[in-house]
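Shared chain: chain A. Partners: chain B in the first complex, chain C in the second.
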Partner chain A sequence: MSDNKHVREIKLLNRYGLHVRPAGLFAKIASRYDAEIEVEKDGIVVSGKSIMALMTLEAVSGTILKVTATGVQAVEALDDLEALVARKFDIPDEQ
Partner chain B sequence: MAEVEKAAEVLESHFTMRDFVETGKERLKMELVVGGAGLDHVVLEPMTNRPGLALTGFYELFAWMRPQVIGMSERVYLESLAPDVRLARLQALFDHKAYCLVFACGMDVPPGVCEAAEKAGAVILKTPLLTREFVQHAAFVMEALRAPTTRIYGTTVEVAGIGVMLVGKAGLGKSETALGLIKHGNAIVADDLTCLRKDVTTNQLYASASPRTRNYMEIRGIGIINVAQVFGVTAICSEKRLDLVISLIHMDTAKGAELDRIGETVKTRRILGVDVPEIEIPVSVGRDLVNLVETAAQHHKLRSAGYDVVSELDSRLKGL
Partner chain C sequence: MKTLSGIAISRGFVSGPVIIVSDEVGSVQLERSVAPEKVLEEIARFHSARRATRRQLEDLIEDLRLRVDASSLDIFKNHLVMVDDPTLIREVESYISNEFLSAETSLKRVCAKFRDAFEKMDDPYLRERIRDIEDVERRLMKQLVGDETPPVVFEKPSIIIADELTPSDTVSIPREMILGFAMNKGSSTSHVSLLARSLDIPAVVGLGDIVSQVKPGDIVLLDGTHGCVTVNPDEETIEGFERLSRRERELKEILADDESRTGSMKDGTIIHISANVQPGVPLECLKTFGAHGIGLYRSEFLWLSREDEPSEELQFEYYSAAAKAVAAMGNGARVTFRVLDLGGDKLQRGAVMNEANPFLGNRSIRYLLSHRDVFKRQLRAILRASAFGPSAIMYPMVSTLQELREANFELRAIKSELRTEGISFDENIPVGVMIEVPAAAICARQFAREADFLSIGTNDLIQYTMAVDRGNASVAGLYQPTHPAVISLMQQTISAANEEGISVCVCGETASDPILGVLWVGMGVNELSMSASFIPILKKTLRELSLSDARELAAAVNNMGGEKTAAAIYSYCRDYILKKVPQLEEIQSFFTSV
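== the complex of A and B ==
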């Protein structure tokens, strides 16, 4: 297990939070990288590569997610995910 | 496997009167007469008490830490008392730390009791249920509330009648295997994230899906599907006892070489303090995971019933 572990707090800015499409995009981006991604909300930790798991977090707009990446591409993954959330998942009606 | 262990932390298991009232409202047909601050009181013991003796003025070993149920016999006794004594005896329960009174059998709350409860910060509930019905159902509601729970990154399927949870790294084919198992007539319990609750009386784990995503699955390349719609309701199972964990591992990891080729040693995985049998199945191109999981489940079923294939074959080889 690699020790390259990074943690970042990311705030959801889009209107409806982590519902199906945002969760799908999040998992898609997370899966691109050689790193384990974990997303935590209220002490519940799920895999950032699983759409189903992300949706169960019930993360609404304004929620701060603690995202932990472990592995070779941990930093790149976090950069990409942070940018995705900041762009409000590029979903037009949620800007 | 770090993600699995990390997720396997016990969540809060103590519950308050508010949790009890909200969760049990329907089943226990409870009406909240006095709530307020008392709703934040923690239910210290998850069972009910009949305060008959305490109502007579005997407070030794009074189980104040449980909700108090006033049933028919308490009612008849209270009615035999003068009104001022009756109120004083009920009030005395609050003085001895009682934080909840439930009036069963649809009886009315005697005058003055609500005010006393408000003053003491206690909860008053009413139910049309018979006392024995209430006591029985309340036990179930409280047991469910206090049950330790956790969530694990895994897909759970009912295979050949037993609950099997598939765990392993993302992309190894847990959901795809589940899909194949469904096609073979098995039922899915939870995809990707399994909620587990421990039944503390039997020391067994029960698996279910998060209510938010129940019946849905994500299959890479296809997207999200509604299992009940695509395959019919027989393809889903709302809750199942967890009997076996199947851990999918890469064939090329060093672990592959250390696998028990006979299958004699049964590893276990500790979840919420329960040891669940676990087997590891290496994944590689050309291995039919659906078939392997089904066979593993049936093999496990036989073994749990006492069948020991290793000794059987051993006896034959030794010519016994």
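== the complex of A and C ==
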């Protein structure tokens, strides 16, 4: 099933974009799934499981991230990540 | 003498000797290489440094748990995630095995690459986050190098001067050695600022070049209220500073001068002033700020800080701690637990937001009544906690009587379940309704007949009455606490409670504004609940007024009808109160900035 590849565009809605806390949550959730996860912004692609690499994207609020998941749990991972971003990472001050 | 100005991030006046903390990472032997046959050993050394760092951070988090708030704690939890970052690990390993560089050199190279990426950023908030990576880099480096050189020795309480402290540095300096922080860089959103406020340490950041302006032995005046720092001040400046500092202390004492924990007015009327508290906040703050008890316990934070529903046991642990804390305070203090106040979309992991309008959607009590298992577990935890101290339950976002009755039905069921199991709880735990929806305010009398108390959540009541999202800057001006419609709904609610002989509380942010707090008291409120730090100012204001003053104000406002604008009503209230409590203006200038 290595061909199980899915792509989704996800818009960042929280106030400060992909800073430490959101990137940490994103990486933590991505790491739970049996899937390779890549996040792309302006042609730069980084691992979705890496908090540090995600932070380097300089993804501010409103940025549309292209998230590609490949592997057995690709769809589940994307569902979970999309919901996390939609919930504005559950950060009370950034709703 | 030299005065620098920067950004005031944590208020207070302090003076004292300086100590300069440099953020150099020891004396790292740069560009050290390893023999090809030692590559695996070197990689193993890097991983053991990671493990040691992980342990160190875990200990730190444990140690800080009760000392700082949840967002400050999160800083270090994320550092823990960084220690296991796959990109970091892969790149360090690759430098070691492909270029035969030492672990230290490799780590430096990798972090330098991150630094380059961050330096190119335009967004100032995101650019600043490199500090977290550097903080983790430093921890790892110290483990690798062996950390032989002990850092600065703190001998006497000093003002800490630095280019910019990392969060780790901030919490590693013994609290009793810190008078204040003055830093070259930083902003009000940097992590150090968050920590300084959380630990109540006066601080000024963004000073540009304080580090090169001071040398060991210098004396510095730091004004965290206005954001300036004076190096080697002359007599006159010291005098001026000391006047301000003395005045601040005096005002603090005036505010603290409070024999009883209840808020009494000039004529002896008692108004309970309680604190809004979220799980995890150190409960000593209740005592520090003279709170009567907990008027609003925001249980939803237990959900927000984790991905799954908190177990009944975990909830019980937090709730019973709060119940014990108020029991220890005595004096009739109690904790009012608000059941889960969140939208369904924010709770269920994996569930994509499918509500077109979440603020009008399946949230709070609506969510709980459609997820009864979650509701029941929370009620069990609250009831069990009620055996440990005076407690109350309140339901948020109620709009119909049916909801109140159904919630009470579940409560009765849980009570009999606990009885059967022989678990003790407070049989007569009071149950209240939050009035946040205009429909509930208009029908307040019916609610007052079936509930033990009402509590007005002004944030939502204003938002739903004015149909305005105050987070939306283009319409935020319509968020008007003194709009005649809001006042009228509040008055209806308060009068209904008064006439039915039950207590009524205001627990929104408006309670923390002394002007509005007095108005609500005049309208008939018995309790006000707010963030603890606002309590002393409100108590002081109430002490200077009698109930008849507050009632006179409320009567005047009620008589204005709908003719006046919200701003005119507010400034009328302000003028009225300042005339009777002239000191309030000065107190606010000292304690409500930042």
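As a working rule, the second predicted complex is superposed on the first by the 94 of 95 C-alpha atoms of A that agree within 3 Å, B and C clash if a C-alpha of one lies under 4 Å from a C-alpha of the other, contacts with A are read in each partner's own complex, and residues count from 1 in each chain.
Following the convention adopted for this analysis, a residue touches a chain if its C-beta (ideal position, glycine included) is under 8 Å from a C-beta of that chain, and two chains touch if they have at least 3 such contacts.
Worth saying up front: this structure is predicted, and the values here are computed from it rather than measured.
After superposition onto chain A, partners chain B and chain C are found to clash with each other.
By the touch criterion stated above, A:50 is placed in contact with chain B and with chain C alike.
Legend: residue contacts after superposition of the two complexes on their common chain; A:58 is shown touching both chain B and chain C. Looking at the superposition, the partner that touches the larger set of chain A residues, chain B or chain C, turns out to be C. Of the two partner chains, chain C is the only one touched by A:28; chain B is not. In the superposition on chain A, A:36 makes contact with chain B only, not with chain C. Shared-chain residue A:20: touches chain B and chain C both.
Shared interface residues of chain A, touching chain B in one complex and chain C in the other, are 20, 24, 46-47, 49-53, 55-56, 58.
Residues 2-3, 6-7, 11, 151, 153, 170-171, 191-193, 210, 212-213, 216-218, 224 of chain B are the ones touching chain A in the complex.
Those residues of chain A that touch chain B in the shared complex are 1, 20, 24, 31, 36, 38, 43-47, 49-53, 55-56, 58, 70.
Within the complex, the chain C residues that touch chain A are 71, 74-75, 77-78, 81-82, 85-88, 114, 117-118, 120-123, 125-127, 129, 132-133, 189, 301, 304-305, 307, 345-346, 348-353, 471.
Taken together, the chain A residues at the contact with chain C in this complex read 16-21, 23-24, 27-29, 46-47, 49-53, 55-56, 58-60, 76, 79-80, 82-84, 86-87, 90-93, 95.
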